[in-house]
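The chains carry the letters A, B, C, D and E, assigned in the order they are written, with residues numbered from 1 in each.
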Amino acid sequence: ASAISYWHHFTSQSEMASLLKIIGLFQAANTDVAVTQENIPNSEYMAKVSSAVLAGGRPDTAMVIAERFADLTAMEGLIDLTDRVNGWAGKTNFPDNRWTGLSSNGAIYAVPAFAFVDWMYYRTDYFEEAGLAGPPKTFDEFLEACRKLTDPSKGRFAFGMRAGAGGFKYVIDVMEAFGSPIVKDGQPAIDRAAAIEAVTFYSDLFLKEKVVPPSAPNDSYRQIMEAFRTGQTAMLWHHTGSLNEISGAMKQGEQFSTAPMPAGPKAHIARVAYAGNGIMKEDNIEAAWQWVSFWGQTDAAVALLEGTGYFPASAAALQDQRITGNPIYGAAVKTLDFGRLPNNFIGAAGWSENVVNPAFQSVLTGQSTPEQAVDRMTQGLEAALR
Amino acid sequence: MTSSASRYLPFRALGELSETRYWMYLLLLPSLVLILLVIAYPTLYGMAISFREMRLTRPGLDGWVGFKHYAAMWSDPVFWIALKNTVVWVTAAVVLELALGLLTATALNRDLPGTKIFAVLILLPYFLPNVVAGHMWALMLDPRLGVINDILVRMGVLQSYKAWFADPNAALAATILVEAWHGFPFFALLLLAGLKSIPEDLYKAAAVDGAGVAAQLRLITLPMLKTVIAAAVILRVISLVNSPDLLLILTGGGPGDATQVLSLYAFQTAYKEFNFGYASALSVVMFVILMIFAVAYIRMSRITKE
Amino acid sequence: MATLSIKDVRKSYGSVQVLHGVDIELEDGGFLVLLGPSGCGKSTLLNMIAGLDDTSGGDILIGGRSVVDLAPKDRNIAMVFQSYALYPTMSVARNIGFGLEMRGVGADKRKRAVEDAARLLQISHLLDRRPANLSGGQRQRVAMGRAIVRDPELFLFDEPLSNLDAKLRVEMRTEIKRLHERLGTSIVYVTHDQIEAMTLGTKVAVMKGGHIQQLADPRTVYERPANMFVASFIGSPAMNFLPGRLVRDANGVRFEASGVSIAMLAGKPAEISERPVILGMRPEELKVAARDQASVTGVIDVVEPTGPETMVTVQVGDRSVMARVPPRFAGQRNEAIFLAVDPASVNLFDPDTEQRIDI
Amino acid sequence: MATLSIKDVRKSYGSVQVLHGVDIELEDGGFLVLLGPSGCGKSTLLNMIAGLDDTSGGDILIGGRSVVDLAPKDRNIAMVFQSYALYPTMSVARNIGFGLEMRGVGADKRKRAVEDAARLLQISHLLDRRPANLSGGQRQRVAMGRAIVRDPELFLFDEPLSNLDAKLRVEMRTEIKRLHERLGTSIVYVTHDQIEAMTLGTKVAVMKGGHIQQLADPRTVYERPANMFVASFIGSPAMNFLPGRLVRDANGVRFEASGVSIAMLAGKPAEISERPVILGMRPEELKVAARDQASVTGVIDVVEPTGPETMVTVQVGDRSVMARVPPRFAGQRNEAIFLAVDPASVNLFDPDTEQRIDI
Amino acid sequence: MIESKRHRRLIANIATYTVLVSLSAFCIGPMVWMFLTSLKYEADIVTQTMQYIPSRITFDNYVAIWTQSGFPLLIGNSLVVTLLTVTICVVTGTLAAYAFSRFAFRGRDRLMLGYLVVRMFPAVMVIIPLYVVMRGVGLVDSRFGLALAYTSFLLPLFVWMLKGFFDSAPRELESAARIDGSTRLGAMVRIVVPLARNGLVASSVFIAIAAWNEFLFALMLTTGQGSRTWPVGLQLMVGEFQLPWAFWPPAASSASSRSSFSSLSSNEPWFRG
């Protein structure tokens, strides 16, 4: 029997429970391999992984999400799995776009396991109250709805904007929706005018329209969730992973529902980020491979979905009755059709967190103009790609 | 000649050694070796990185680059903001902690009945990890669920809940408050010890001489506490400048760069952008600033003399 | 300058009573010494006069005015502490002038006053130093300077000399005496050194356990102690005590003990009955005499020449008696020795109450 | 029991020389007192004898054996400290027995030795207490017990009495004297109290600034001080100094100064020339006399009755002179006073070198 | 107008108690709030109307913290690491502090300052090289390795603190012991160290707290459950997605026990130049 270690950043109760279930399933199928899971706080995950790469002490296998993939491969943290994948029977379950996010220069470094599918939650009861027929389909409709839904006297705001930790993601989404690419062929490609327009639009929700809670500049996951759950906000952009939490707090259908993200003037942006598992060292590669490929099996994927709401990456799993039979997943399934992979260039994570976030926040706090913010993003991007 | 009752030979030999002139150096040896082994190499290595290009995500770029990072720092606006914030944040926090600590120590030093219990209660925050203190206050200052907002609204101080960390100035002030809450017991503890060592007679003499409470504080207590204050301040400044924990949890440097400080900036540069060269240069600058501060401060306050 | 009246002053810390109704009157310009063993309440009493401690009862009047409700600074007193309590962070000049500074005296006037005081105490050359750089005697002078510069109604001294070495103590003692003669301000002076008490005081209050044992001028306290405690506390080496009996014989009243026989009175007053008493004799009252004139007979135990005189410990019966004899005393250990004593100089005490018996 | 030889011992701290070549010989069973003002190097010398400090030069022999290279524990000495240095965490018995314990003496033997020492010092009832619960005098006894129980070759005492009050100091002084007589062990005793030096020592070394000023028996040091420093350092109140001249006249050699005229010698030895000198007179050698017998004439300045005697400060010419007179002295301030002095008891010093002049 | 002295003292006492009560409230208020919060159901926390006193009580959070994270193991690891750190510091630091206190040698002040300088280089940059060193000697992911790392920056603090205490222990006692037959080492062990006991305890508590609460090194130098300490475990539990109420029990209990301990043992001045 061989023992392999597995680093991941599943920390919440539901994530851990699902993980343990998957390990249980794996263990039942592979009695000769023992998996030791080691959980690492999400915010410190890359610090930990990078020092392991730099100073030695890698685990056998590790979880890789799309945003971190480029950095991980760039620091040569992952082992090329192309040959194994090509010889793997399960490969056919994964359409090509599942692999793109986990490949670099044509080489595959990880086996997709699940996906974060971005969508929108909205309060059906508030929409009814405001006389809105359904969820907004475009940014114009979105703005319209925002104005209608906001009622400061009730302490109610239309949209839970995330501009604290992790908020960069939506800033970039809006910029792309307004037609500004970020990176093309490894070169910075921000279209200044479009980007400024996007930042202006997005920040005006807070500054001018005031349809966003005043706490937005520091709101991150927990805050936007709380705002939605306490009824302060009527709309929320996030991914399928938060479905469990929200349906635990309010009634599906009666109080809230889900819809695809609204489309921007130039593009309809919604992220479908495939996460997978890679192998970080050769020592136990056979056992490691068994483990990472196990995540691609339908049972594992569905166990994860049910425990956490994380969508399966495997097309086979998507056909499972447990998904097709549940209407709430409709919006996600629809998103899979047009959704895009997140930006995936080396340094993306650092640039997003260290540049995009503060730059956009400073627009919200009035410390800079959208022009200045876009310039700072462009410069930061140039520095990151240099 | 009989000499020692010790039955164990090694101890006896060591005992005999302790009567030689080398004893003093032998005493220092273990701690010096430990410090040098564990920390000297990493520190020097860490400093050396600042003259190299070292970006984990660009393995190809490795190599010596001289003062490139320092030059880049000169024109990096975030560095200057972080430097300014560091100074503001550390100064404000230390001053506040010192003031609160002095107040506490003075009150506790009156030795009224029950002060022991108050002492225990007041010391509590210092013994919580930064991580805990940070999360605790983040929840209490939460713009929606925060009890502080609720209390302030009930008291009529605020119209509605305030998003403390969404406003640059309020964010800086709030983090300083949290840091003060967490750190002032440290000062209280040290200053109390210092106060206890001031002879009672001095206050009696001052009372007879006609000095009021304020004059006693200004002319006797503070000057007498100088060395204790100096030591406490220097230890505190070092740990504040070096530890990004609390800000990492509370604001992550935001909103904008309103609470960005050097240690946090170095941390993010290293572990988010994987640009170790630049992060190391930032660290070296911090180290140099701290050194200059510490040496000047120790000179000025003469804490190693007396 | 002022009178001081202490009227039935009491003090308790919690349930412990430290002072039990102390009454003292001090004339204007007087020098009151509070003398007593450690812990008898001297400092407590002084602190209450200064206003540093509250009284638990009774009244204190300075210059006829009750001060118990006044803060120390409003009592117009100055105090010198055992530890001197010099402000370590200030120069000598500032230390001396501090009381004036606090009272808002202008810098010029203050400077002059400080310089005058410094001249009087011969510390003018030290004005710029810090207390840490002074010797014990110099510190003592600075502490006194701080007191006199204020020109108060009453000086309070709490064992001001006990941190000095023997030589300096003698010097400073004379200095304080001279200062008192010169300034004429009333003084209350705490000490447990009986020589200081004797040389300085115009009035000595001997205290024990929070009670005044005797309040009188120094000579009375020394020569006619009110009880055995006062007798033994004052005088070094201490008074010799010998238990014995008063007996009446043909010639009058005698004190008798093993090795001792002293004719106390020629007549035989009726009120004096034979009874056990304790005899008290000061060492210096015992003079070496011829065998036939001796009233005390014993054997030499230890001979200690101290320079100006010689101390001889004599075994008398089963008791040790100390005699202070001239410097060039020639006796040897274990030799017999004969001592005479003036009956007028001895004291008698009641063995039970330990109070003085006057006959 | 052993002799002690200190040979040209020197000590520097960095560039500061604290002891400048000290030479002392002490006979077996002798009692050497090191006397001197604060900071003169007494403790330093004692510490070097003990081995607590290294010498910077010279040699120290105990019982003829050089000890400079031995650790304190190997020198077979015992020491009593000013602060007593009792181990606060141990019982009195353990404190006393600690030295034996360290030397591996068995528990039984140790117990007996401790009890013997305790009996000798009358502290048997205290053996179970902690030092914190003892009075000053009791602690002192324990510290002595700790020293004597070891039965060393040499005792070292560093100001063992200076933390006691005056009364206890006298008692303990006698006790130490008795102990020395009984045990006969050689002792080196540091003090700055000249009375202790005089009463205890068989030999007194007066030190100043790291130099020995005089090494002699106590009476010589008191009566024939080698220089003005020794003269003024020993005796309290200090020796009176009067600058004047030696003059030759019809009757012999006289000392003359304003208000003073003392016939020093009847003959006129050729080697004595007229010259300026300083006269030293002990206060107790000045006796109140009739006007025609007086050799010193002056005006009373301060009168201080101390109990057993009275101190009178007399203005003689432009100098103050102190006289020690009998207790019931009747003179008043500003009265004239006439004093006689025995020429044999006075000392003359060279005004320049301050050294003694023998005529 | 003369104000009565008693009156003034009363006012001063009231002011003192006011200060103490409000500062205590300031200090423990947040903790009390966390305690109350820890007893609430999540729905009662994430709600629009603030509940000051929980309307219903649950111990789920406590159960969760105990079962979810191998909590006993975390605490055990923290204990071991803290104990090791304190032991190493006490053994080596006591020697150094004693040397600084008892021997005057050239460059002493400078060396003491040098000890302090060690604390000045940001931990952020030391971690990776330290990791390399630790790996080289096989101490990564071991409790001993972590303790060594802690020692490197806590030792100077310990030495600085302890020196003050040693300075106030009378030298004469040591001399007495040496004359009584101890070696210098013996005198130090038997006499000086017991005398500085309070100071030793206080200094040890100080560094024990620091070791117990340290996060960054613990995170970076350990991976496995076998050596992970509780602040890291705590950060995991809190994570990004969960409300942080569950940490109350370990945090509060450890904090309060230390706090009372050190305030009781810190009655003497530990800092003397």
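Please note the rule applied: contacts are C-beta pairs under 8 Å (C-beta built on N, C-alpha and C of every residue); 3 or more make two chains touch, one makes a residue touch a chain.
If you're wondering where the values come from, they're calculated on a predicted model, not measured in any experiment.
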| item | value |
| --- | --- |
| Chains touching both subunit A and subunit B, listed by label | E |
| Each chain counted as touching subunit A and subunit E at once | B |
| Top-ranked pair of chains - ranking by C-beta pairs in contact | B-E |
| Between subunit D and subunit A, distance of the C-alpha-averaged centres to the nearest whole Å | 91 |
| Centroid distance [mean C-alpha coordinates] between subunit E and subunit B, Å | 14 |
| Centroid spacing, where centroids are CA-atom means, of subunit B and subunit C in whole angstrom | 55 |
| Multi-partner residues of subunit A (at least 2 other chains) | 44, 47, 54, 165, 226, 230, 232 |
| Overlap residues in subunit B, where contacts from two or more other chains coincide | 3-5, 16, 19, 145, 270 |
| Contacts with two or more other chains, residues of subunit C listed in rising order | 51, 71 |
| Complex contacts: residues of subunit D adjacent to subunit E | 47, 50-52, 71-73, 75, 77-79, 81-83, 85-89, 98-99, 102-103, 146, 150, 156 |
| List of subunit B residues in touch with subunit C within their complex | 199, 201-202, 204-212, 215, 219-220, 223-224, 226 |
| Subunit E-touching residues of subunit B, taken from the complex the two chains share | 3-6, 11, 14-19, 23-24, 27-28, 30-32, 34-35, 38-39, 41-43, 45-47, 49, 100, 103-104, 107-108, 110, 112, 115-116, 118-132, 135-140, 145, 147, 150, 181, 185, 189-190, 192-194, 196-197, 227-228, 231-232, 234-235, 238-239, 242-245, 263, 266-267, 270, 276, 279-280, 283, 286-287, 290-291, 294-295, 298, 303-306 |
| Contacting residues of subunit D [partner subunit C, same complex] | 38, 165-167, 170, 173-174, 177-178, 192-195, 198-199, 218-219, 222, 233-238, 282-284, 302, 304-309, 311, 313, 324, 327 |
| For the subunit B and subunit A complex, residues of the former touching the latter | 56-59, 78, 142-145, 160, 162-163, 165-168, 171, 251-258, 260, 268-275 |
